[in-house]
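There's a structure below that I have some questions on.
Which chain is which? They are A, B, C and D, in the order written, and residues in each are numbered from 1.
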Amino acid sequence: MTQDQALIARLYQSMLLIRELEQHIVDVYHTDAVKSPVHLSIGQESVAVGVCDPLNSDDIVSNTYRCHATYLAKGGDINGMMAELYGKKHGCAGGKAGSMHLVDIKHGILGASAVVGTTIPIAAGYAFALQQEAKKTGKQRIVASLFGDGATEEGVFTETINFAMLKKLPIIFICENNQLAIHSPLRSRWASEHICERVASFGIRTHQVKNADIFELHQLISKEAENIRNGISGPVFIECETYRWLEHVGPGDDHHEEYRDPNELALWKNKDQIARLANMLAPHEKEKINQKVAALIKNAVAFAEQSPYPDEEELFTHVYAN
Amino acid sequence: MTQDQALIARLYQSMLLIRELEQHIVDVYHTDAVKSPVHLSIGQESVAVGVCDPLNSDDIVSNTYRCHATYLAKGGDINGMMAELYGKKHGCAGGKAGSMHLVDIKHGILGASAVVGTTIPIAAGYAFALQQEAKKTGKQRIVASLFGDGATEEGVFTETINFAMLKKLPIIFICENNQLAIHSPLRSRWASEHICERVASFGIRTHQVKNADIFELHQLISKEAENIRNGISGPVFIECETYRWLEHVGPGDDHHEEYRDPNELALWKNKDQIARLANMLAPHEKEKINQKVAALIKNAVAFAEQSPYPDEEELFTHVYAN
Amino acid sequence: MFMPTEEKPVFTPCDNKQRLIRYVDALREATSQEMANDERVFLFGLDVDDHKGIQGSTLGLLEQFGPERVFGTPLSEDAMTGFAVGAAMAGLRPIHVHIRMDFMLLAINQLINMAAKSHYMYNGQVNVPLVIRTMIGRSWGQGAQHSQALHALFMHIPGLKIFAPSNAHDAKGCLITAIRDNNPVIFIEHRLLYSTEGYVSPEVYTVPFGKARTFVPGHDITIVAISHMVMEALRASKHLEKIGLSADIIDPISLRPLDMETIVNSVKKTGRLLIVDNGWLTCGASSEIMARMIELLPEGLNGKAIPMARMGFADTPCPTTKNLENLFYPSSHTIAEKAYTLISGKTNTDWLPAATSKTEIDAFKGPF
Amino acid sequence: MFMPTEEKPVFTPCDNKQRLIRYVDALREATSQEMANDERVFLFGLDVDDHKGIQGSTLGLLEQFGPERVFGTPLSEDAMTGFAVGAAMAGLRPIHVHIRMDFMLLAINQLINMAAKSHYMYNGQVNVPLVIRTMIGRSWGQGAQHSQALHALFMHIPGLKIFAPSNAHDAKGCLITAIRDNNPVIFIEHRLLYSTEGYVSPEVYTVPFGKARTFVPGHDITIVAISHMVMEALRASKHLEKIGLSADIIDPISLRPLDMETIVNSVKKTGRLLIVDNGWLTCGASSEIMARMIELLPEGLNGKAIPMARMGFADTPCPTTKNLENLFYPSSHTIAEKAYTLISGKTNTDWLPAATSKTEIDAFKGPF
C-alpha cells in the first residue's frame, strides 16, 4: 500500500492538531482556565482522523463527550472550540456547552452528549433524513456515528443497530474500542469479546481495525462511504482498537493505578500513529506542519482569552426555539 | 422417542386447562363479567406447559401480560385467577392486578407486566438471588423467563442477556415466537430473523424448537434445568415457534384482517399439540381429563362469581410495604 | 362511536362549514392536512400503520402518504425517540406516537436529556421540531401500568412544551400548532375523549400555546380541569347549576407554557379556585397552579386567603377492578361536592343527583 | 477535603463518641455497617468497585465484602435496575448506585412502572426493598446533562420513598433507614456535600422518613431548604442575623413522605415561608409544599394570606460556564435577599455582605 505524501501530511497535521491542542489543555488545566471536565483523546487520534478525513465537508459526524478529536478532525472551528473550553462568549456554543458538547453544525459536527449511548439513535435519525434528502437531490450524504466500547452495552445501541439495518440507513457506526469504560475492563462488561460478530448477527457489514491503524481505517471508511453513496446500502459497523493514554477524565496519566497495565502504554506508544506518520514525512515538511499546528493553537488560545464571558442574559436565551 | 403415558396425560390436562379456561373467557366476554383486556394464549399452550412442567414447584416463572397460560401451567391457583379476572376480592391480587398481572408467589409465579420486556431483567435479578441462595443451601433453583418475539427488540433484552451471561445466572430465557407483535410481522421489526444466532453471539447456549413441539420443548427444558442444577452453568436461551389463534387482545378471531394469512391458521391448527396428545390417549383417559378440567373451571367460575368485590378501603392498601 | 345523549358538544358551530366530528377524526384530519402541507412531516411509531391505526387516529394515512412517511417500528422506544430527535435536528418534522403514555418512561431519557436540552446546549445551532403523541388509558381494567397520566414529569422540564386538548376542536388546532412548532412538544390525548364529538372546521387552523379556554362562564367558583377532567368538570357544573351555582370551567389546554392570566382573572371574579387534575397531585399540575396563584396574588383577595383546593388521582397505583378504579378518579359527583363545599362551607350532598346518565366512561369497553 | 473556615458543622456532638467526619465517609460507614449486619444487602452499579469508589463512598467495601456483594456492571441502567428489582423481590436488599442522577432517566421505567407498583399491583405478595443511591452533580462545567436534580419526578409517584440528606449525620442515618425499608427508596446525594464534615456517631442509628429537621430556630421567617440548598440557607441566615433577623431553617430530609407538620408549626410561629429547592420550580417540591400549605392552612394566618415565596434552579437547562452557572442556582445572597423582602417588603440589598468566604462551591474542582 503506497500512501501518497499529501495524504500523509494531511493526516499527520490533523492528528497532531488534536494531540497538541489537548496537550495545551493538559498544560493549563492547573490554572483553572478550563473549568470543565475534559475527556482527552491523546493516543486515540487516529480514529477521529481516519474516520473524518475521508468524509465530505457536508457529511455529518456525531460523537460522545470524548469529542475534541472528531470536532477538530471534521474541520470544526478551532477558535470556537478553545473559547468554549474557556467558557467564553465566542465559544462554539457561547460557553453553554463546554468540553463535553462541542458542536459546529456548519461543519457537520452534530454535537455530543455526556450521557453514554444517547447520540447513537440521533445519528441514525439524521441519517434517515439524509436518505430522504438523497431521493430528491440524488446526492447521498453520510453520517458517521462514533462511540466507545462502553456505549455498546446500552440497550439503545442494539435497538439502533437493528433499526438502522431494517431501514438500510446511510450511516457508519464506529466503535472506538479502548477496552475501558472509565476504569472497567471489557471482561467485566462484555459476555463475549467479539463485538463485530454480535453486530454482524443483524446482517450488517462489519470490519475490525487493529492497532489503531490510520491507513487501514482511512481506506475502509473511504471505500464504505463510496459504497453507501453508490447505493450499496448501509449501515456499516467498524470496530477500531485503540488506547487511551491519559486518565478517563482529566489531564493526568493514571498508569500507576491498579486497573492499568503500564506495559500496555509502552506497547501502544510504540504503535503511535502520529509518530508513525512523522517518520514518513521529510523533516522540513514535518517541521512546517508542526509550526502551523502550534500557530493555530496559539491563535486559538489568544482568541479564547480575549473573548469575554457571556452576558448574564444569556442564561435565559435559547431555552426554546422560535 | 417413546413418551410415557402419565406424562402425556399430565401435559394434555395442563394444556387443556389453559385452552378451556380461555375458551370460557371467550364465551363470557360479551357479558362484561371480565372487565379487563385479555391477551389469550389459545394455540400457544404448549410453550407454557413445555416450560413449566419440568420445573420444580419452587422454581420461578416470570412472564408478560400474555400470562394466563404460564400461571396455570406453573400450578397457580385457578380460583384466584378466575376471581382476579372477574375483578373480585378473592382474586390472586385482590382484584387490583387483572388479567395482565397474574401472580402467585406461593407457586413461584412472579407476576407479569403490561410493559413489554420489563420482566426480563427482573427475572435475571431473581435468578441472581437464587444463585446466591444455592451457595448456602446447595440447592439450585431456577428461573424461567418467558416473553414474546417483540420483547427481544427492547434494549433491555440485550442488556439482560449480556449480564446474565457475564454472571452465569441460573435462568432459562424462552422467547415465544408467534411472529407477531400486535399486528406487525417479524420482517418489519427484525433486521435478521435468526434470534438464536444473535443471542449465541453473547456466548449463550441456544436452541430453537419448531412447530411448538411439546415433547421437544419439554425434553429440552428438563435437560437444561438439570444442567443448571448440576452446575453446568446458565443461562440458556430457547426460541419456540408458535402461533396465536385469536386476536392480539380480546376474545375474537381476526383472520379476516389483512395482516393475517388464513392458511397459516389452518397450518397451525394441524400442528395443534392438544389435539396431538388427545390422539395419544386412550378415549376413557381423555374423557376423564376433559371432565376434570371442566369441573375445575366450573368451580373456579362459581368461586369467582361468589366472591365479593373488594372493599373500598382496598384502594389505599399496599401502596407501601411495612 | 359514543355520544352521551344528554350532553352537547362544548362548542357550537360558528359557521356552517363546521362539522360534528370525533376527537379521533380531528387528530387524523390535522395530521393529514399538515402532512399534505409540509413534506418534512412524517408519522411513525408502533402500530401507526396497522389496520387499527392507533384507534383510528392514523387510519388511511399510510395509503395517503406512503410507507416512507408513515411507518411502524420495532419495540424500541428509546432508540425510536432518539431517531426522531436526530431526524428533527436534520430538518424533518417527526410525529412519534405512543399508544400508552406509560411507555414514554422508556423514551424519557432522550426527551429530557437530549430533545429538551439540545437547542440550549448548542446555543441555538439546532432545533428539535418533534411531536410526541401519547395516549392516556383509562377504564376496562387497564390498571397500574396502562393508565398513567404523566404530564407533571414533563412540565418540570424547561425545553419541553405540552398540550393536553380536551375536545375535538382543540385536538385539531393544537396538533397543527405542535407540528409547526420548532420545539419538542408532548401531545397528550385521553383515550376516553377519542369518541367524543365536537364542531370542527375543515379548514387548517391553529390553537396557540399558553392560552387557556373558558367554558360555561360562571360566578361562584373557578374550576380548572385538565384533559378528560374537563368533561367531568362540565358535568359537575350542570349538577351545580341545579342548585343555582355557576362555575367558570377553565381548560389550560397547554400545560407548558401555562396561561395563568386567564385563571387569575377568573379567580378575581369568582373568588375561589378548584383544580381538577387528570393525574396525581404530588408535584403535579395542581401544585404548580396553586403555587403560581400565590406568586401572582400573594395577598389573596380583599386581604384574605383565596379558598383553593385540588383533586386528582388517588395517591396509589391504579387498580384494575371497576369498583376500586371508580374511586381512583375524580368524578362529576366528587367535583361538584368539593366545589359546593368550597363555596358554601357545607358538606351535605343530598342535593346531588342520585345517578348520572351513561357517559363515555361507562361506554368504553374492551378488548381495549 | 474542604471545610469552609468560618463555618461550623450543623450538629454539635451530643456525646464524646461522635467524630467529625465527611458526608462521603458517613455514607461509606452506613453501607459497611449494614452490609456487615445483614448479608442480604449488596452494593452494585457502575464503578462502585474501582479505585475511586464513587468519590470514596464505596472505597474498601469490595475488600471487606468481596466481589459477590460489591460489583460493577456494564453500562445498562435499564436492565441493572430491573435486575435490582428482581433481586429485591427474591429477598435480597440491593443498593444500586448512579454516579449522576441524570442517568436515572434510563432507569426510570423500571422504577416507576415496576418497582413503585409491584407491591400494590400484586396486592402485597412481593416487597421491593431497594435503595437507589444517586448523586446530583454541580459546578466545574458539568452542564445540562450532569447536574440535574430530578427528585420532583420521583416525588410524583406513589410507591416510592425519597431521602435527600444535607449533612453527614443524616446521610448515615438515612442510608441505614433506606436499606432497612421494604420499599424502593431514592436516596439523593449532592456532590458538593461529599466533603462537608459533621459529627457522626460510630454507632448504628437511623434517621426516620417523614420527619423534617429544624436548624437554627428563628422567628422572622421559615426557610425550607432541600439538599445542598440547606447549606446556602444556613449561610443566608447568617447574613440575616447581621441585621437582626432570624430564620427557622427546615430541612425536610425526606421528600416522600413529606413532613408538613414541622413546616406548618414553624410558619405559624414565623408567619412567613420561603422554600428554596435544589431543583426546578415547575411541578417541583416547592410547588408541592406551597400547595400543602394551602390545604393545611386554607384561611392563612390571622385571616390573612401567608407570605410565601419559592426559589430554585433557573427555568433553563444548566449552562457550563461559571458565570452563567452561578446565576442558575440560588445562593446565600439571593436567598437572604428574598427572605428580607418577604419580611420587610423592601428590596434594598445594601445590607448584604459584599463577598462571602470561599465555600465548598468554589472549592470544588475538576477533573470532576
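Just so we're on the same page, a residue touches a chain if its C-beta (ideal position, glycine included) is under 8 Å from a C-beta of that chain, and two chains touch if they have at least 3 such contacts.
Since we're looking at a predicted model, the values are computed, not measured.
K.L.:
Any chains in contact with both chain A and chain B?
P.N.:
Neighbours common to chain A and chain B are C, D.
K.L.:
Among the chains, which has its CA centre at the largest distance from chain D's?
P.N.:
Taking each chain's C-alpha mean as its centre, the farthest from chain D is B.
K.L.:
Could you give the separation in Å between the centres of chain B and chain C, each centre being the mean of its C-alpha atoms?
P.N.:
A distance of 36 Å separates the two centres.
K.L.:
Measuring centre to centre with CA averages, how many angstrom lie between chain B and chain D?
P.N.:
Distance between chain centres: 42 Å.
K.L.:
For chain C and chain D, what's the span in angstrom between their mean Cα positions?
P.N.:
33
K.L.:
Among the residues of chain A, which ones contact at least 2 other chains?
P.N.:
96-97, 101, 113, 115, 153-156, 159, 162-163, 166, 188-190, 319
K.L.:
Which chain D residues touch at least two other chains?
P.N.:
Residues 73-74, 76, 78-79, 102, 106, 109, 113, 120-121, 143-145, 158-159, 315-317, 319 of chain D touch two or more partner chains.
K.L.:
Over in the complex, which chain C residues touch chain B? Could you list them?
P.N.:
46-47, 50-52, 72-79, 102-103, 106, 140-146, 314-317, 319-324, 327-328, 365-368
K.L.:
Show which residues of chain A lie in contact with chain D when the two form their complex.
P.N.:
Going through chain A, the ones touching chain D are 29, 32, 35-38, 87-88, 91, 95-101, 113-117, 150-151, 153-155, 181-184, 188-190, 247, 249-252, 257-259, 309-310, 312, 314-316, 319.
K.L.:
What does chain A use to touch chain B in their complex?
P.N.:
Contacts found on chain A: 153-159, 161-163, 165-166, 188-192, 194, 197-198, 200-204.
K.L.:
Please name which positions on chain A make contact with chain C in the complex.
P.N.:
Residue list for chain A touching chain C: 92-94, 96-97, 101, 103-105, 110-111, 113, 115, 118-130, 132, 155-156, 159-160, 162-163, 166, 317-322.
K.L.:
Given the complex with chain D, which residues does chain C contribute to the contact?
P.N.:
Residues in contact with chain D: 78, 102, 105-106, 108-109, 112-113, 116-117, 120-121, 143-145, 148, 150, 152-153, 155-159, 256, 280-288, 290-291, 294-295, 297-300, 303-310, 315-317, 319.
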